[in-house]
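Shared chain: chain A. Partners: chain B in the first complex, chain C in the second.
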Partner chain A sequence: MPPHDLLPDGNRRGRRWAKLASLIVLITLLAVVPPAMNSYDQYLITLTLVYAITTLGLNVLIGWTGQLSLAHAGVFGLGAYLSTILIQHGWGFVPSLLVAGLGSAIVGGLVVFPALRFSGFTLAVASLAFASVIVQLFDNGGSVTGGGGGLAVPVFQFSGLSQTMSTYYVTLISTVLCFVVAHRMRHLRFGRVAFSIRDTEIAAVVSGIRVVRYKVFVFAFAAFLGAIGGALYAQLETFIFPVMFSTNTLVLMLVMLFLGGASSLYGPIFGAIFAVVMVELLQSFGSYQDLLYGLLLMLVIGVLPGGMASLPERLRTSHLLGRAVRGVASRFGRGRQDEATAASPVPPTATGSSLVDDPGDGVESGVA
Partner chain B sequence: MAESPAKGTGDVGGSIAWDDVSVAFGSNQVLDGVSLSFSSGFNGLIGPNGAGKTTCFNVASGFVAPSSGQVRLNGTDVRGLSAVKRSRAGLARTFQTPRLVLEMTVLENVLVGTERQHRAGHVREVLSFPRARREARELADMSMDLLRRFGLEGAAGQRAGSLSLGSQKLVEVARALATQSTVLLLDEPAAGLSASDTSAMVDGLHQLVEGTSLCVVIVEHDLQLIMSLCSSVAVLDFGRIISQGTPEMILQDKAVVDAYLGAGFATGD
Partner chain C sequence: MNISFISNTLTQASIYALVSVGFVALYRATRILSFAQGAFMVIGAITFVYVTNHGASLFVGLAVALVASFVFGGVLYRLFLVRLSFVPPFVAAIATVGLAGGIEALTALVWGSAPLVVRPGVISTSNVPALSSLHVQYDQLASIVGAIVACSVVYLVIERSKLGLRMRSIADSASLADLVGVPVRSVSSFSWALGGAMAGLAGVAFTLTSQPDPSAIVDLSFVAFPVILLGGLESVGGVIVASLVIAAVQDLVTVYVNPDFANPSAYIILLVVLVFKPNGLFGARGAVERL
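Moving on to the complex of A and B:
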């Protein structure tokens, strides 16, 4: 039960139904429109969904829980390789997808061990080394992984559908399932705990939260999502080789995460759309493509430091556009929350914590 | 309806004791053989800056390991227990600077404190099982009740970051109470608070603690608050306990007047 529904003035039911209806319409469109597209557009939309699932895993890890782990491209590859190898040994695609996800969750969960000792950049370097080991295993796995030459992926296909559309529908179903589960987790106890660990781990500890257990789960869950994305990516690309899961892929994931909006549930979707669509749109600029892509990234990050998902909030709080947006929003009921806020007996401040000097409590420094 | 924190803690007597605890950071002896004990009700721990008050709390909550001595929580030696295990054994605390997730709402922050009371697992919660929904509702009701006691029910849906420092401190106290612990350590809860926020906190604490066995230990420089609220007060100076007793005894103790209160305080100037 999301916290806003737990509030006594539960006047948000109508808005909740409106959101649900919009979601159903969106999913219906995603189900019926792509068959009418050409195969390249079908590939692009499937790739966007694959990236969204994968980046969601990274978001749970970095955006929600604040664990700067950079092994995600490695577990992405692990999902691709595990699934492909299992299919080559006669497994069905769906069982291979689940086993690849669970297997990668176990391996990805191992990254928690450095995370228990290190944080920040030290954890980043340790996890990057872990990912590098995984990629080296792909490279030197002989006939099992195909070495540097890679593996051809036996592609799953529904009868009556093309390979691309079969992959698309499995990806669409996976995306909906992953985001529905993530949405529930984000707005329930798990989300609260994850944010506490990220922002104030000490407070989480004194609240009796078993931080280590949560971290193990977060690393495993993030790896599960990354591996599901990897397995679907393998189906989409039909051929995999180690370089596909190198640091470049990690950088792309980080771009999607921060551009979309780390910590926002839907940020990975916006980030994935940006990454896929922009690359396509900029192709016509030839050799200037990378330059323009870089400039665009800088522009978006500069204007929206909280990522694209923060745009509505940014519009609501901006002076010029805010008035207009608030006016429109109030017509559709969104204004009620603002009114409730204004009527609150608690005086808001700009920073909320700058009224007195921070005396420090010596927990981190060890000095009273 | 879930039990109120006060009711939940009422059955078990809360107590905390430091037995000959010493702590040194390098050559700096921060605590030097501190022995003191507190039981149910409001207790105060006062002393000048740098006396070692917060270090006492850090030792009790497991963030600082003493070089010697032990801490007993509800009569049990908690040496060797991690901070999480101490918390789950019934110890809650707040910090001088509020430690809240500013991005989350006030209600969500208080709900963080209810972690130990969840019986339904995460999977049941995600799948929205009736028991999990009922439990979530009960814990939210309990959290809202806590916020109401501190006059913050109107802010439940606001982001914690939009509140004043004083209100953030109240939210942190509410979160600590939501853990339904038997011992509550409050580190300078009134520092930086307006008179109305201080009054809201004192009223809320009175309502929640009176008639229960909850042991509350308050580190505070607001002596008026300490003397009016606490039945037992200990005074630390340079890492040593120089006095412990009722507020009246403390006020008349020459060592306390010399080290902390000053002659002006004693004469009412």
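Moving on to the complex of A and C:
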């Protein structure tokens, strides 16, 4: 049980207001500051948000519901290609974004039907196959998809804003909307159902949950988020080609997911920030990046299965570091609360049946 | 029907069989769904081409590639994968996706994307005179015979030896196996080494017969997944039959329909069969569902 559930109600409500207020400040900053930056930094911030949306989709699928689907890079590409092709046929960007998202959601929800009979490895292989078929379509689509050479993306622009800033604001609004929706879903019935499908699917079936219906919806929703991310990515990169949506991209998404913290709501944001900072820092290493991503994914899963979102919890409960942190904390008058956690018989970081621990913003806290 | 059809199918099937039997070996002990078999294939292939291009003969090259991929598999398990025994199976599978990506990036750095061309003279590509009616080339014969030998050895090890029993006991319960004195880490590492070595051999066989570039090897390893699932994940005999089925269908599609549909057809067979037989053709009850 996350520690703040032990707090009296008033205190918890206070924390929620503090959380909300800091979120509003953060979003305001994100709206106000970037125009003053240089265009490359604007690009990086937009990229971070795009990655965050995309990884959120993967998180709903893998982290929340426990469906090992590896088609996300393909779906990401589907969104990019659909919106680009629509724009080339004279659509506006925002309608094309929505249609690309909804179209991919339909594809994602339909394609999953034969795969619903399977779980685990079979689903992974089937989804990987689906992704490779999508990428082959991009490769062999003739003049529609531009083949291996790819497509130039007609970039849209608000009057009075640069191209990057126009994309940035659409991305920012999309990010906020997607995370608000995900937040509500997580804290209402949907989230609990998703976690129950992940942890004990049979029990979920027995308690009358229409698991198939939920799974289809989860796949569709994940595809929607992935495609929105892809469409925005296309605007940002201004040129798309099939290799951009290959297995390497999938590995990057998985790195972001697990580094940020699978099953945590805000994990994808941490993961995206980390990925973009890494890409920037390691630019001079060129092709060593892919090597590093692969090893990083292994290491995170082996060493810190809860990702960065689980770090505070992990520090609090680890034996050596935890004592030091608790010592410092108690000096600032927070000792009692932390001792309550420390005294609990089950260490919250024990990774057993569930994917990872539920970090602080667990389902229970939002129900009240 | 084209006569060389049979030899092509058998060659292709021997490559699938090598990869999949290797997978069965490592899966039986560690229950990790490895996406890294393609990476081991690349390592075997690159080692083989490198050694033979520097003057080594076929058998020396084969031995070096075998040892390299064997050691690589064992060491990787000991370094990274041993940590995954504490995470749920499908998270471990994701970690092997990372592992595969890492190895592929590494080989791309070492080798680049140039095709792996075997030096002429290492093996003849002319037809074997004794089998002239079947149009079997020497390189194809080497792949087929090599696969039969290697698969038989692995079959004996994991089905008929004490070591194989120990591997299965670890999969059943690692802590119980440990309790009765099975050296869990060593046996698990050995199973991965075996899996790596078999994939390495498959890489050599593919290089001998097709001269692919590294990414084509990885693509081929993805087609091995339908084979593994059709075979039921745990059965050596099952994956060998599945290799033959998938290779035959792919060749038929290539000849009579369109070469581009060869790989998708493997996945379609898989989906159709699994709808009716969710455990694959030869899997134990629940072998696939358990995951």
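Heads up, the rule we're going with is that the second predicted complex is superposed on the first by the 283 of 368 C-alpha atoms of A that agree within 3 Å, B and C clash if a C-alpha of one lies under 4 Å from a C-alpha of the other, contacts with A are read in each partner's own complex, and residues count from 1 in each chain.
Assume contacts are C-beta pairs under 8 Å (C-beta built on N, C-alpha and C of every residue); 3 or more make two chains touch, one makes a residue touch a chain.
Not measured: the values here are computed from a predicted model.
Visitor: Is A:R184 touching the first partner chain B, the second partner chain C, both, or neither of them?
Guide: Only chain B is touched by A:R184; chain C is not.
Visitor: A:G103 in the overlay: touching chain B, chain C, both, or neither? Say first, second, both or neither.
Guide: A:G103 sits against neither chain B nor chain C.
Visitor: Quick check on the superposed pair: does A:F121 touch chain B, chain C, both, or neither? Answer first, second, both or neither.
Guide: second
Visitor: Does the superposition put A:G150 against chain B (first), chain C (second), both, or neither?
Guide: Neither chain B nor chain C is touched by A:G150.
Visitor: Just chain B (first), just chain C (second), both, or neither: which does A:S132 touch?
Guide: After superposing on A, A:S132 lies in contact with chain C but is clear of chain B.
Visitor: What is the contact status of A:L297 with respect to chain B (first) and chain C (second): first, second, both, or neither?
Guide: A:L297 contacts chain C only, not chain B.
Visitor: For A:S263 in the superposed arrangement: first (chain B), second (chain C), both or neither?
Guide: first
Visitor: What part of chain A is shared between its chain B contacts and its chain C contacts?
Guide: 353-355
Visitor: Quick one: which bits of chain B touch chain A in the complex? Just the residue numbers, please.
Guide: On the chain B side, the touching residues are 25, 30, 50-56, 58, 61, 63-64, 83-84, 87-88, 91-93, 95-105, 107-108, 111-113, 115-116, 118, 122, 125-126, 128, 133, 136-137, 140, 144, 151-158, 160-168, 172, 175-176, 179, 187-188, 191-192.
Visitor: In the complex formed with chain C, which residues of chain A make contact?
Guide: For this pair, the touching residues of chain A are 62, 66, 68, 70, 114-115, 117-122, 124-126, 128-129, 132-133, 136, 140, 247-248, 250-251, 254-255, 258, 262, 287-299, 301-303, 305, 351, 353-355.
Visitor: Which residues, counting only chain A, touch chain B once they are in their complex?
Guide: Going through chain A, the ones touching chain B are 1, 3-4, 6-8, 181, 184-185, 188-190, 192-193, 195-196, 198-200, 202-211, 263, 337, 340-341, 343-349, 352-356, 358-363, 366-368.
Visitor: Note which residues of chain C are touching chain A in the complex, please.
Guide: Touching chain A: residues 33, 80, 83-84, 86-95, 97-106, 108-109, 222, 225-226, 229, 233, 260, 263-264, 267, 270-271, 274-275, 278, 288-291 of chain C.
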